[in-house]
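Look at the two complexes coming up: subunit A is in both, with subunit B in one and subunit C in the other.
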Partner chain A sequence: MLERIGAPSEEALWEAIPEQFRVPGPLPLPGPLAEYEVTRRFERWAAMNADSSRYACFLGAGIYDHFIPAALRALISRSEFATAYTPYQPEVSQGTLQTIFEYQSMIRELTGMEVANASMYDGATATSEAAHLAAGATGRKRVLVSAGLNPHYREVLRTYSAAGGFDLEEIPLSEGRTAAARVARAAGEGTAALLWAQPNFEGIVEDGAALTDAAHAVKAYSVAVADPIGLALLRPPGEDGADVVVGEGQPLGVPMSYGGPLVGFFAIRKADVRRLPGRLVGVTVDLDGKRGYVLTLQTREQHIRRERATSNICTNQGLMALANTIHLALLGAAGMRDVATQCLERAHYLAERLAEIPGVLLVNGNAPFFREFVVRLPGSAEVFVRAALERRILAGVPLSRFDRSRPHDLLVAVTETRSREELDRYADALAHWAKSRTDSATEAACRS
Partner chain B sequence: MNVPKELRYTKEHEWVRVEGQEAVVGVTHYAQSELGDVIFVELPAPGTRVAQTKSFGTIDAVKTVGDLFAPVTGEVIAVNTDLKDNPALVNQSPYAKGWMVRIRMENAKEIDSLLSSENYAKHLGAHA
Partner chain C sequence: MSELTLREASVPGHRGPRLQPLDVPARGAERLLPSSRLRSAVAALPEISEPSAVRHFVNLSILNHHIDKAIYPLGSCTMKYNPKLNDELARIAGFAGIHPFQPEETVQGAMALIGELHEWLKTIMGMPAITTQPVAGAQCELTAILMARAYHTGRGDAREEVIVPDSAHGTNPSTVHQVGYRVVTVPSGTDGCVDMSALKAAITKKTAAMMLTNPNTLGIFEPNVGRMADWIHEAGALLYLDGANLNAMVGLASPGAMGFDFAHINLHKTFSTPHGGGGPGGGVLCVRQDLEPYLPFPTLEREGEGYRWDYDRPRSIGRVHSHFGNFGILVRALSYMRSLGGTGIAELSREAILNANYLKARLIEAYAPSHAGYCMHEFVLSASRQKARGVRALDVAKRLLDYGVHAPTTYFPLIVDEALMIEPSETETKASLDSFADALLAIDRETVEDPDRVKSAPTRTPVRRLDEARAARRLELTWQDLEGSGGGR
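Showing the complex of A and B:
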């Protein structure tokens, strides 16, 4: 190759870089490997992971181990989908535009709202954009945030609010739920919105109607951050009058992948469509009267409206939104209800079994929950999680990661993919561990 | 060239019809023909105070969004709500049905700083 371009040596290629910036001598890298050696090396590293295909995964906190049908994986890998770019030219992008239109229609149905956009980066940014929309629409700045929102989402909200568009005020949870009375006390004339999650971060089902009413009482927006699987069973916030419904679409056919890529959904009432961030696909007819799809209301977007745009997102998570669409189409309403029901039943079965273990308490025991719950252990949750690894169980997310005052609390998620055997294995593991904890505590007490 | 003689104009292609202490404002025939199909007009709520030369709203065409600049300072006392459902009125009838806002002027002398129809036509001639 050097000969071909007429370069005397490899070093000659770097001549344009001043001598003082060049690294002297060869780089401290290991030598080249043959392809099979590279493969073996990566396989060895991969085998060190405790991944969900070999460990029973009870991790949640925003990303869940739901089943992804093989048909979905096959369709998503098609190059027409995986390599397609933004459908700015409708005449050559009808396939892409139609699937986005179907996606928007399904999200509308799931959330009970009038308009859904082509998707956002993730649930966290969708939530922040919703706060921004509410502030702009109401002309107010105070955004009330339930402490039931995912802590990562609250972190992202704080980043967005630092830009000055809105201020945040947190509403603490009361026994695991957001109390409408507390919202009513905090809300006032300057309140732009109430942000609440359904179910919330600790898995509890919130009273959406009461929270929406509390927001509307001061003419603020009710913004629901909803789980899409939960929406198959729980009443869609749109039906209770929520003004914006957003959430994370990962549970719908997107792999966990150590945290991404993710995909946010964003649904509103038609009256707010001029403030809708992101892309929107519409259906129309061409000159011959044939149905066609186009990106519509593009003058909202930053590439046209520039500094007057209400948001600077000018993209969507096309491939992940497509995964959501295929997933919803494959399962259908009945299949989605089935999945949600199995999550509910399995989570409750495990919660009951764990609550029976001496020393283990189901926190917020009286509140209704969907697919996740918090248990308080007779010892450090982090320690139990490490011990459970030996039994090939990813036991859950210790809440101490978000709140140092809760070292014994563990957030446990149970999806439809957790078998009876795995649930029983978890209960046995915790029973065994809890016993050794209380035994040693008793011993220590006796000795002293 | 469609530049009614009785109106006054800004360099940014707004027109003004003076009615006593009030000014009715819209965009000119030239403006709408350059923009193409108008699909949305964002106007201030009645009661809003606008300042001469400052933006008081936007006009959206399919591929572009432009500012609307206030030709005079004052309070918006009426807004053409027909434009909400039928923004095309701006294209069809820019000087009549496509009017945008009615402003109660704080200082009627500001009218003197606006272009006459001859000077606006000259301004357009320089453009072409």
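Showing the complex of A and C:
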């Protein structure tokens, strides 16, 4: 090859790199490993983690342990999907393009909106891009954020708001819910949007229509951050009148994988299509009149419009959006409804069992919840979470993580995959722990 | 006839895998939730059996070109082979089945893996601090420019501009604008590199940072990178390496030694994680030591024998992802790196450069190179000679598809007329490079003998040229839009 190039040596090819920038000698890194040695190392690490194949997982807060069909894993592993790239040449990318089109269609159906893009990085960045869109569309900067939004999403919003496109103001929850009256008091002429979650971070189903009306009363955008499993059962924000619906697609066939890769969905009204961030697929025909698919409205995007693009996003989460597409196809209309209904039923069964335990309280009382709820324990939620590990239970997310004034509150998620045996084991573990807390408290009281 | 959509393929009552029947007392959604909060009708999702769904997706998949089939020489995209081991390891339950909110003592294996990846990447880059929270190159850019802003603001020094060469990827100016800075474009000289006198004039006390792709998008190593770093630093500004072309430098040159204050890595390019039809990517941002306090939180810290996440980061720009970035991609990247080891990693760029130069040497007999001389891992040709025969770069690209290979990146960088930007990567064999070169040379002959054949290509692909204007005009973006519109079949 060197001869054909006409180079005296390989080194001659990179002589353009000045000597002082070269790596002197070999990299100070270990040598190569055979496949089975790499596997051995990685399996050792994997065994150090408490995973959902060995522990009953009741953690949620945006990431859930849902059923993933075997057929889905087989399909997304196919080279044809996994090792292709962005469909720059549509004639040899119709597989990727049609699946994105089907994804857009199903996100539209679930959200009740008119247009969905080809996906975003995750729910948090989709939410930030939605705030950006609303600020641009309304020409206003103040974004009201319900405290019912995932705290991590609010943190990412703060990061993105530092870029200067919008300012944030938080609306506290009232008994677990976002109160439309509070929104109405906070909203004004400078309000670009209200961001609310369905269901919210504490699992409560919000009154989307009332919140949307409060936003629309000042001509602000109503932006819903929705859970895609909930959308199979709950009234879609699109029917509530929302202007943008975004969310995290992980529950639709994507493993938890320590929180990534995730995938955000992004749906809007057709009137805003030219403000949409990210890629978009449309239908067309080829020279023979045969149906085909292409990336469309690319003039919104950074590779054409550069500094005037709607967003800097380039690569998105294609394979995860494909997982969503396959999941929605395999589960289908009836299956998705079953998943959502089972989450609802199982969560309520566990909540009722836990509420029967002396000293344990459902924090948000009778507020309607979907697959997640907050319990107040007779002691530190973090301590209980560690105690439950002995019973092979990942018991939930202690809310002290986000709010130090709530050391006893635990966020518990129940998916369709949690069996009755696991639910009962959870209730027993908590009853046992709560009793030991009460007993030791009594002892301490007697001693003093 | 094209593949039906899932909607068209649906049969009422058909369904895929079922759930275990409910084994707790059923209370009914209508009793558990207010009726005003429930869907009035079941979402109109597909109704299809598992075998039919699998056929649907398999039949769609085979319409794709992919790296496991043949060369995929998109410039600046680094389409190299993705070893299968990496995917297998990412699917282990101990990685795929862990939740980001688990107590840290239950995920020490995952944290140790990330810790080792950080050490390897810092060594390769010659830089002291790192985050793997961003999930794509563009998000690394956003993270870094936000950090630059926090850095300057923290010094009471409000800056206003970021310098971007005209050969840069579109994400650079787009990011700068998104962060609220003004883009100052500097031109490339006739040698394809940053015009140093124009750069000198562009650097002022308003300059917050400069973003540089090195080697640049023409595949040329910027010979003045050292001087650029000096000038930028003298002005109190920061230098950012867009690592899209890192595949030319791994184990060969050190971004730290060149004076970069920020450097990003696309794990899906350089470190071989699958491109997934457009993501998920993996973003890595390396920074110099005094910028470390501004990194997104949490940062990974060693503690005794184990690791912890540090959230107490008062100067951090904040969080840029829901959790810790694309962990599954980090697993794959480290698996790739451990397999190659230090010696293999040091070889990959050398082989990539050799492959690119060989391909360039074979092609310049028919296609005009943007610049003479050796290239790094990629090069740009112009279809200007072919254009004189009435055939454009687009036509050449489409005709390549008929030869069963993927086309290069076309019409980028913008500074080359009729650009064909070619990056073969190190995993192509000489035979594969030769067959790609043979195809491009044959197409050149066709532009003389039968130009219409090139202009009407492709004809052997699942569909022929598609009417993009029609797609943009009609905006049929979903099944729902298609219904009743009489869209072609």
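Annotations for the structure displayed:
Assume the second predicted complex is superposed on the first by the 404 of 448 C-alpha atoms of A that agree within 3 Å, B and C clash if a C-alpha of one lies under 4 Å from a C-alpha of the other, contacts with A are read in each partner's own complex, and residues count from 1 in each chain.
To be clear about the criterion, contacts are C-beta pairs under 8 Å (C-beta built on N, C-alpha and C of every residue); 3 or more make two chains touch, one makes a residue touch a chain.
Since the model is a prediction, treat every value here as computed from it, not as a measurement.
Contacts of A:Glu129 after superposition: neither subunit B nor subunit C is touched. In the superposition on chain A, contact is made by A:Phe81 with subunit C only, not with subunit B. After overlaying the two complexes on the shared chain, residue contacts for A:Arg274 are found with subunit B alone; subunit C is out of touch. Once the two structures are overlaid, the count of subunit A residues touched is higher for C than for its counterpart among subunit B and subunit C. In the superposition on chain A, A:Arg308 makes contact with both subunit B and subunit C.
Legend: residue contacts after superposition of the two complexes on their common chain; A:Glu202 is shown touching neither subunit B nor subunit C. Within the superposed three-chain model, A:Ala16 lies in touch with subunit C and out of touch with subunit B [touch as defined at top]. Overlap of the subunit B and subunit C interfaces on subunit A: residues 304-306, 308. Across the interface of their complex, subunit B is touched by residues 274, 298-299, 304-306, 308 of subunit A. Every residue of subunit B that touches subunit A in the complex is listed here, in rising order: 39-40, 42, 58, 60-65.
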